[in-house]
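Mind looking over this structure? Questions follow.
Note that the chains take the letters A, B and C in the order they are written out, and that residue 1 is the start of every chain.
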Amino acid sequence: MASSTKNQAFLFGYRAYMAAFFIFLAAPLVAAGSFAFNDSLFPALPWQGFTLDWFFNDSEPKLGMFHDRRLLRGLYYSGIIGVMVSLLAVFVGTTNAFLFVRGNFPAKNFFYILMILPLVIPGVILGISILVMASNIANGVEDRFNLELEFLRPGILLVVFGQFSFVTTITSLVITARLKKFDTSLEEAALNLGASRAQVLRTVTLPFLRPAMIAAGIVAFLVSFENFNTTLFLVGSESPLTITMYDRMAKVGSTPVLNAVSFFLIVGSGLLALISVVIQRDPKSE
Amino acid sequence: MQSDIKRLSLILLFAPFALWIALLIILPHMGMVVLSLREKVAPRVYEFGFGNYIDFINEPIYWNTLLRTGSMSILVTFLALLIGFPIAYYIAKIAGKRSRGALFLLCLIPLWVSDLIRAFGWILLLRETGVISTFLIRIGLIDQPIEFLYNDITVVIGLVYTVILFMIVPLVSTLDGMDNAMIEAGYNLGGNGFTVLRRIIVPYAMPGIVSGCIVVFMMTAGSYLTPILLGGKNSSWFTEQIYDQFITRFNWESGAAFGFLLLAFTSVVVWIGLRLTGQTLANTVAKS
Amino acid sequence: MNTATLTDSALETAYDLECSNIHKSFGSVRAVDDVSFTIPKGSFFSILGPSGCGKTTLMRMIAGFEDPTSGDIQIKGKSVLNTPPNKRNVKMVFQHLALFPMMNVYENIAYGLRCVGTDKAEIDRKVKDVLDRIALPDVANREIHQLSGGQKQRIAIARCMVMDPDVLLLDEPLGALDLKLREAMKIELKLLQHQFNTTFIYITHDQSEALVMSDHVAIMNEGRFEQIGRPEDLYHNPQTSFVAGFVGDSNRWAGRVVAEDASGFRLETDAGLVMTSVRAVGQRISAGQNVSIFVRPEFIKARKTSTPSADGGENSLQGRVDSVLFNGANSRVLVRGPVGELIEADVVVTGGADDLRAGDDVTLEWSAAQTMCFAA
C-alpha cells in the first residue's frame, strides 16, 4: 500500500516533468508565432489587439510578409533550392540504398562509414570547404584560360551542392532502412511471372520504396529550407529565406513581419513533418 | 553475360556515390587542409608552412574560444541527455498506446523548425522588453526590467533547446525496440529501480544514447545562430571566429586552418566517446 | 539410384519436365549432386527432404533463379538453360507466397498477363475465370492484407495458373499456416491440381504433405535423390536406410547379420535383440555385415503375455509396458524389452479393461517381412 502511494506520487511527478518539458518545447515557438497577430509595430507586450496586417497589409509601416518583395524572393529561392536539393538527394539516396543493400564489393563497410560521415561534419566546415574548392577551380580556370565560370562563384548552385552534400546522408539512411525490409522474393515472383528487370523495378521495387522516398524528400526539403550554417558561406546575391531573415534581424531589428514569417514556417514545416511521418506509417505496405 | 550486367549495374550505382563523396566531401576537405597550410607573406604571394596554426597557438583568444566551445558543447550534450532520457523513456515505455504516438508526434513535428526561429522565440521571451520580464513586472515580483539575454546560461539553455529533440527521437526509437519483459525480468530477479536502469535499460539503449550524443555534440559545436543571437557578439563561439576570418577579414587561409581545427577537435571528442562506450559509428548514427 | 525412372504407364507420354545429371556447387559446397528425373504430364510430384538437402536450390534452378553448374533442364522437351527466368513458362508459388502488397487481388493476378501485353478485355476474362476456379469469385477488389491465410494461398496459385504454365513449382507454401488450415489446404491443393491438370512440383520437408498429395515423391538427402516412387512404395519398400528412417516412424537399431539362408536373414542388434527378416529383391547383404534395422510401430502387435497367443509373426519379444502414449487412434506403448531398450508399438486404446497399462507384461510380435534392414 505504501509503495503504491509512493508510486502514485512518483508517476505524478513524472507527468508534471513531461508537461513542463512540452511547455518548454512550445514556449519560444508560441512566442515567435503569436506576435505575428499583435497589432503593434514591435514584437513585444502589451497586446494591442488581433490583426492579420503582418501577413496581408500592402503598405509601410506595417508591410505584410506577402507584400514584402525581399522576403518573398527569399521564400522563392528557398523553395527552388529545397526542391533541387531534395530531388538530387532522393535520387542519390536511392542509388546508395541499392548500392549498400544489394551490392557486393570490397571495402563495403569503409564506404558505408564514408556515407555516414557528412552527417557528423559541422555544417560550417562543409560550407567553407566547398567554397574553397569551387573558388580554387574558378580562379584556376580564370588564370589559365581567362574564362569566368560564374556558376562556381557563391550562388544558388553552390548552396544546392553544399546542402546536398550532407542531406544525401539522411535520405540514404531513410531509404536504405526501407530497402532492407524488402522481401526479395517479391522481385523473383515478378520475374517469374514474366516481368523484365525494368518492369520489376518500376512495378514492384520502387512502389515499395515510394513512401520512404517521399518521406526522405520531405525531410530533405525541410533540412534545406532551415539550413543556415552551410548556406551562409555559399550564398550569393540570391539569398534564401533564412539568410534574409537573419540579415533583417541583425541589421534592421525585428518587426512583427518576422513573426509572421516564423508562424508561416513553423506551421508549414510542422505540416510537412506530419505528412512525412504519416506516409512512412502506411499500414498497407507492412 | 549475367555477371556482366551485374558488374555494370554495380558501377552505375557506385558512380553517384563516388561523385558525391569525392567531389563534395573528400576533395573539398583536402583543399581546405592544403589552403590552411599556405601563409600569406605579401599580397598574392604565398608560402607553404604552418604559420596559420602557429598563429592559432600564439593567440590565446583563439584556442580559448575553441576550448570554450568544446567544453560548453559537452555540457550541452550532457544536459540534453539528462533532460531528454526521461522524456524518451516516458514516451517509449510508460505512456499508453494512444498517447505514445501523440507525444512522439509532438516531438517530431517541431524537429525541423529553423534554429533562427527558435532563437528568435527565445529573444522575444527573454530580452529586457520581452514577455518574461514584462510579466514579472506586471505581477510585481520585480520593479526594473531584467535582461535575460547575453549570458552563458541563456546560451546553454538555448542550445539545449535547439538540439534536445535530436537526442530524444533516436532514444525513443531505441527504447521502443526494447522488450518490456526484459525490464520486468530485471525487477523479477530482485533488482530495484536504479539497478534495472543501470544494468538493463542503459546498456540496451547505449547505441541510441551514443548516436544522440554524437549528433547533438556535432550540432552544438557547429552551431552559429544560437550562440550569436542569444549570447550577443561576445559569445566567443568558435564558428564565429571562422566566419570572421572568412567573411569579415577575408583571410581564407587562417579560416581554413580554424575549420580544420574544429573538425579535428570534434572528431577527437567523438572518437574518444565511441572508444569509452565501445560503440562504432556504423551501429549508432546509421541506425537513427 | 540417381537415374531413377518411373515404372508407370505414364512413361510413354511426353514429359513436362526432364532434369538430367544436374550439379550445383556454391564454392566448395555441393548443393545438388547429380540429380536426374523426369516428370510426366499432369502429375503431382513432390521433392521431400530435410532442410538444407538442396531441394530449394533445385527448384530455383528449374525456375531459372540459379544456373546449374552442369547438367540440363528440359521443359516440354526443350532445354531452358539459356532462357532467363522471366521467359520460362514455369511459375512458382513462393514459400511466403510473395503476393505484391501494394496491389490488390485483381492486380496481383493480372500482373503476369500485363507483363506479356495481354489486352485488357482478355485479362478481365482470365482473371474472372481463374477466381471462379479457385472458388473465390468476389475477392478481386480486396487488398492482400484483408485475405485469410488460406485465401492468400489460393490467390498465389491463381496468379500463377492464369499464365497457363507448363509446370507449377510450390516451395513449401503451407509452412506458414497453422495446423488445422494446413490439413485442409493439403486436400485443396490436390483438388486444384486435378482441376487445372497441370504438373505440380511440390517441395517440402513435411512427409505427410508429400505422401498425402503426390502421385510420385522423390526423397532428397545431401544433394542427391535417394529414391523416387509412389508414396506407398517409399513407405513399404524403402531402398535405403535414409528413406526408411525419414519416411514414417520406425524403431531403429544398429546390428549385424548373424546368419543367412535362401529365404532371409537372422539379425542381432548391438544390444542383443535377435530377429529375422525376409530377403528382399536386389538386397545385397551377407552374414557378418553391419546393418541398420527398422521395424515400424504399426506392424508390432503388443498383447498381454497372459492372454492366449494368436499368430503374431515370426519375431517375438517379451517386455513390460513402460508407458502408454495416448493420442486417440494413433496411441502407442513404450515397452522395455528383454535387454533394456525401449520399443514402440501401436495399440488400440478403447478405454476398456483390456487396455494395456504401465507395468503390464507384454509380448511383442511382428512378421519377418516387416523387418527392414540395410547395410550400414
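Simple rule for what comes next: a residue touches a chain if its C-beta (ideal position, glycine included) is under 8 Å from a C-beta of that chain, and two chains touch if they have at least 3 such contacts.
Keep in mind that this is a model prediction, so the values were computed, not measured.
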item: Middle chain, criterion being Cα centroid separation; value: A
item: Furthest chain, CA centroid comparison against chain C; value: B
item: For chain A paired with chain C, centre-to-centre distance based on mean C-alpha positions, whole Å; value: 57
item: Intercentroid distance (Cα basis), chain B paired with chain A, Å; value: 16
item: For chain B paired with chain C, centre-to-centre distance based on mean C-alpha positions, whole Å; value: 61
item: Touching residues (chain side chain B, partner chain A) in the complex; value: 10, 12-14, 16-17, 20-21, 24-25, 27-29, 31-32, 35, 83, 86-87, 90, 94, 103, 105-118, 120-125, 129-131, 134-135, 161, 165, 214-215, 218, 221-225, 229, 239, 242-243, 246-247, 252, 255-256, 259-260, 262-263, 266, 270, 281-282, 285-286, 288
item: Of all residues in chain A, those that touch chain C in their complex; value: 183, 185-186, 188-196, 199, 203-204, 207-208, 283-286
item: Chain B-touching residues of chain A, taken from the complex the two chains share; value: 11, 14, 17-18, 21-22, 24-25, 27-32, 35, 42-46, 91-92, 95-96, 98-99, 103-105, 109, 111-126, 128-133, 136, 161, 164-165, 168, 173, 219, 222-223, 225-226, 228-229, 232-233, 242, 245-246, 249, 254, 258-259, 262, 265-266, 269-270, 272-274, 277
item: Contact set on chain C toward chain A in their complex; value: 63, 65, 85-87, 90-92, 94-96, 98-102, 111-112, 115-116, 143, 145, 159-160, 163
